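What follows is a set of structures to go through.
One chain, chain A, appears in both complexes that follow, with chain B as partner in the first and chain C in the second.
Up next is the complex of A and B:
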């Protein structure tokens, strides 16, 4: 019963967070200075009529929030026919508007870029989770030894390295052996099958390595402290006293309990997948969402930015919700309060 | 099983990584840096270009990026062979009636669009009229003056203007001739939403083949191009997220050339030292200036109107140091608004105010600005200190430039602490002209008209392009006179006078004329033209060819 309450509360909370983000996301781009039409129109001698045509095309001829004048006249339908209601209506239909720059559908652009980011980030995430947990576990078990010190120092060092710096260093080191940037050699397409994917694989090595190194260190540090805390518990001593093997103590007693903070970490890692790759995508010219966001900022392409922000927020909220729900399954202590 | 999950996944990752590294297709890039891959028989000659942004859309009616690329797809009646050097394009020759109103063009015979449809005078007339009727954003305004466009026969085009223009060649250089077969049946909305690669169909030397947004774009030689098929069969534009990555790719031999405005000045030394790379330093039309608020309703202090104060500011700016610090020497100290790259439009008679803080201080002293309270800042007769707001957009180089300006001003007794702000906030100050001085830079058209237009009074209205707020009756008169003066020499004289007027009134203190830096693999390609300030410009790339 109590657990059901917990789940319900988390879901409701996530839902309202999402609503707040939707509203905030709309106004964030309306409080910025300047007439958006000026961002779309570049021509100095464009006539007023032509400017108006573009204003209508982008729905900017309507009031932003609500039409006070129409409300006074009692025309409720017109009063709420605003940019905000259009935004909500379109959102519900999955329509994120059209880009100022390319005039393409923002949803299409996001879908195109999202799978590329996922391809990029998955490898790095898997490396980080596997290596990070393994090394963190070893360091905690061999606490105080030279091995532990080495792992700890290496982890602290690589964690302190800015991602873009590490990326640029790797890029220069591998220059001539691995491609400098991009997702595939220009001209190759997914239709080319294996040739394409092997080429993508070659392009993936450097960015994956960069992300892997940076994220691994984070996992090592959290895993190490988590396991160390658990190892100090009485039940570990009991397990050892029972004569269980090292492996069994670690696997059945230590690891399971140390997994709780890791679950949060992993969920968050996936939640931030979309936005977390901006630096890596920028260094390695990877055509994913991070690059799209970077370019949209440079071009002040607000509809695209709005779409990406929404996607970011939704994925973080969902990942958090997932972590909360997993907690309920993994940790019997998580109940009502 | 359960015991070994950790080891299994570890092993899997290692195997996967090794596989990816080992089984990838053999690198098309040379393993040894600085050597070109061996030429293969029957391989098309492919030029690979690195750029930071290919373009926003294939649709030419609202695409604002990469005119260099678009000019390889489309033709214009008049072309630009070098900056401000106009030569015949689809029009072989032209003449103008004595009143300057009727222009007759002889259109080249036998030209076809990429889809095989012919491009006669009739088609050119249709394209121009279509551009005017639909108010095509990117280029209709160059035709603002066109009253009637008709084809008299297959090779004769007649244009009637509402009033004479002094820069017909320049205006026509911007208007691409597009095929009726693609655009003819579309409504305005359909034109604006057209995304198909057919949008790239023109009569130019290259055909648009493929574009993957964010990755690459491929164009291929048009065998039927009226000048003959170009020597380079294929051009691949590859997008890099940073300028540095493009530079690294050039050094590694993954690309053969870098697009304009893509090489940071800090990378030039590295590139010059690298084997088989040629760095091209060319003139450009980019200027940097200090804008001084000249709007009568602006929020600047009264003293900023005083010509003596403006002269002292000019004396206080060390343009040479700005060139060295911000451009590492790849620019020239500037005088007037029209840069020297625009040929004889640039008023070369004007001698610049030298960097001389002492002279600046003297000017202020004589005009009655003295430091009465010994705080290092001079005051006017009413005791108001000479304190100004000095703005620029964020950026490391801008920060250094503002410091140089601010330090110089301090030496003449003017306080102007540097403030960096984000571009939107800076632009947000414009409607109310709520600033004193702004450091800014932009690129001019190859004709001086637009550079002069922005100093006319109308441009201060909403939607205008005035950034100084300048408005002067005598200047205004000259502007409208040059606009309708067809004779080059007569127009040049007016343009020179206008530059002198601006130089003396100082709504702008022009600081630098920047260079364009590009680089290419000299072991693979050669003979690029340099006059247009871009080695990938149509006139520059047509003479280029692969190294034998």
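Up next is the complex of A and C:
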């Protein structure tokens, strides 16, 4: 019963978060000066009829938020038929508008690039989680020793490094040894099969490594203070008093209890890694969503910018919901309390 | 005084404070320290563009033939102004929200914490990028965006502290004596959470500086000011291919310098004021010596 309530609460929260993002995204880009039709299709040569068609498709002939007049006439369907509902309707159909710069469907561009960012973020996150948690655990256990100080200093230093600058440094160091830009050597095509994918893998090394290093430091710091708190609990003293070996205390008591909050932390950090991906993709010209966002900012390509932000926000919200649900499965207290 | 003594005993904290002091000094006295005024247009010969360091231009020149060192010195101002102002803003909002949510609780508390959860979930950098791209990239827009989005962690920290403080004897006593809520919060609760808030605020300054430099690197820095992130943006596009390291590396290391200084200070403060981090039950330096020396394991009593 309790667990069902918990799950329900989390789903409702995620739903409202999504809704808030939609409303925000809708209004932010309406602050821009000029005719909204112009902002959807950026062509001075558009005919009047074409403009009118878009006006109707995006509901721009309707009020922005709410049609009070129609409501007074008792026409509820018409009252909610507004620019906002048209926006949501278009979204549900996967219509995100057309890029100013390339004149392509924004949704097509996003679909084409999304997996490249997913690979990068996942790769970097896996490295960071494995190394970060291991080093954080060791540092907390050996607290105050030279080993701890070394790990802590290294973590603080790479935490202080801007992601893009670490990328630039690695790029300079690896020049001539590893590919430093793009997704594949020019000339190679997906039809080349294994050769192509191996080449793509090589291009992935530096961007993934950059992500990995930056976020490892994040996890070291979180894990270190988390484990330190757990180790101060009385049940650790009890476990030790029972005569358990340090290894078993660390593995069965400290790690297990420090892991739970980590599930939430991993999901929250996912939001930061997405931000890191924008910087890393910009430095290494990795043609994913982040690089596209950089280019869209440069060209003020608003439909693309709006589409990417929406996609990133929705993914992060869903990842957080997933973590919350996982938490319900892992933490016995959610059920028992 | 006691706290200051404790702080001075931590080498990391002292190093951080010295590093920060140097950069503040440079920022304040920039016009006297910089050999050239970077805001003045200069006549350039083709040879001056990305010219390597020499006696006259200690860090060489940029793609417009200007002195890199002078820009670096002036860039400290932008970083520190953005960092301190945005962090102060987050500290103020976060503390207020945390105090109110923690002390009063109830519907208001729940609502405020839902807002915190919401802001925590939304990815920061993409959100800042779209807002600045739409609203314009003036210095104040950048500060506002970073400050208004950066208070969530402080709010959570303060709220969890207040929840336990408000049940303590001295607060209960003050309340039974008829003290108003405002008085209890300001006189009794706030002083208790302040040390933690300040440690967090110092860390927030470095977060804000890193955020500003990322925005500037991605092309959204204030175009009328010289900032380290923007120097890197130019250098990455124009100096990398010509291997003009003197233009590319210094601004990056300047960012690392100031944010590392703040992280060292913040971390040291946190160690001093956060009581939960003081000791743990597996802490046993003697065991470490035994392990390193390869000696047989010596059973030692648990240390407090």
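Of note:
Note that in this section the second predicted complex is superposed on the first by the 271 of 337 C-alpha atoms of A that agree within 3 Å, B and C clash if a C-alpha of one lies under 4 Å from a C-alpha of the other, contacts with A are read in each partner's own complex, and residues count from 1 in each chain.
Going forward, a contact is a pair of C-beta atoms (placed from the backbone, for glycine too) under 8 Å apart; a residue touches a chain by one contact, two chains touch by 3 or more.
Model, not experiment: these values are computed from the prediction.
Applying the stated contact rule after C-alpha superposition, one finds that A:168 touches each of chain B and chain C. In the superposition on chain A, no contact is made by A:325 with either chain B or chain C.
Contacts of A:283 after superposition on the shared chain: both chain B and chain C are touched. Applying the stated contact rule after C-alpha superposition, one finds that A:53 touches chain B and leaves chain C untouched. When the shared chain is aligned, chain B comes close enough to touch A:247, but chain C does not. Applying the stated contact rule after C-alpha superposition, one finds that A:294 touches each of chain B and chain C.
Of the two partner chains placed by the overlay, only chain B lies in contact with A:198; chain C stays clear of it.
Residues 32, 168, 171-172, 282-283, 294, 300 of chain A touch chain B in one complex and chain C in the other. Listing the residues of chain C that touch chain A in their complex gives 12, 114, 117-118, 120-127, 129-131, 133-135, 206, 210, 213-214, 217-220, 229, 232, 236, 240, 245, 248, 252, 255-256, 259-260, 262-264, 267, 276-283, 285, 287-288, 302. Considering their complex, residues 13, 16-17, 20-21, 28-29, 31-32, 140-145, 147, 152-153, 156-157, 159-165, 168-169, 171-172, 225, 228-229, 231-233, 236-237, 240-241, 246, 249-250, 254, 268, 271-272, 274-276, 278-279, 282-283, 293-294, 297-298, 300, 302, 305-306, 308-309, 312-313, 316-317, 320 of chain A touch chain C. Note for the complex: chain B touches chain A at residues 3, 6, 9-10, 13, 17, 19-21, 23-25, 27-33, 48, 53, 56-57, 59, 62, 64, 135, 137-138, 140-141, 144, 188-189, 192-193, 195, 210, 212-216, 218, 236, 238-242, 244-245, 248-249, 251-254, 424-425, 427-428, 450, 453, 463-465. Residues of chain A touching chain B in their complex: 32-34, 38, 41-47, 49-51, 53-54, 57, 101-104, 109, 112-113, 126-127, 130-131, 133-134, 168, 171-172, 175-177, 179-187, 189, 195, 198-199, 201-202, 204-205, 247, 251, 281-287, 291-292, 294-295, 299-300.
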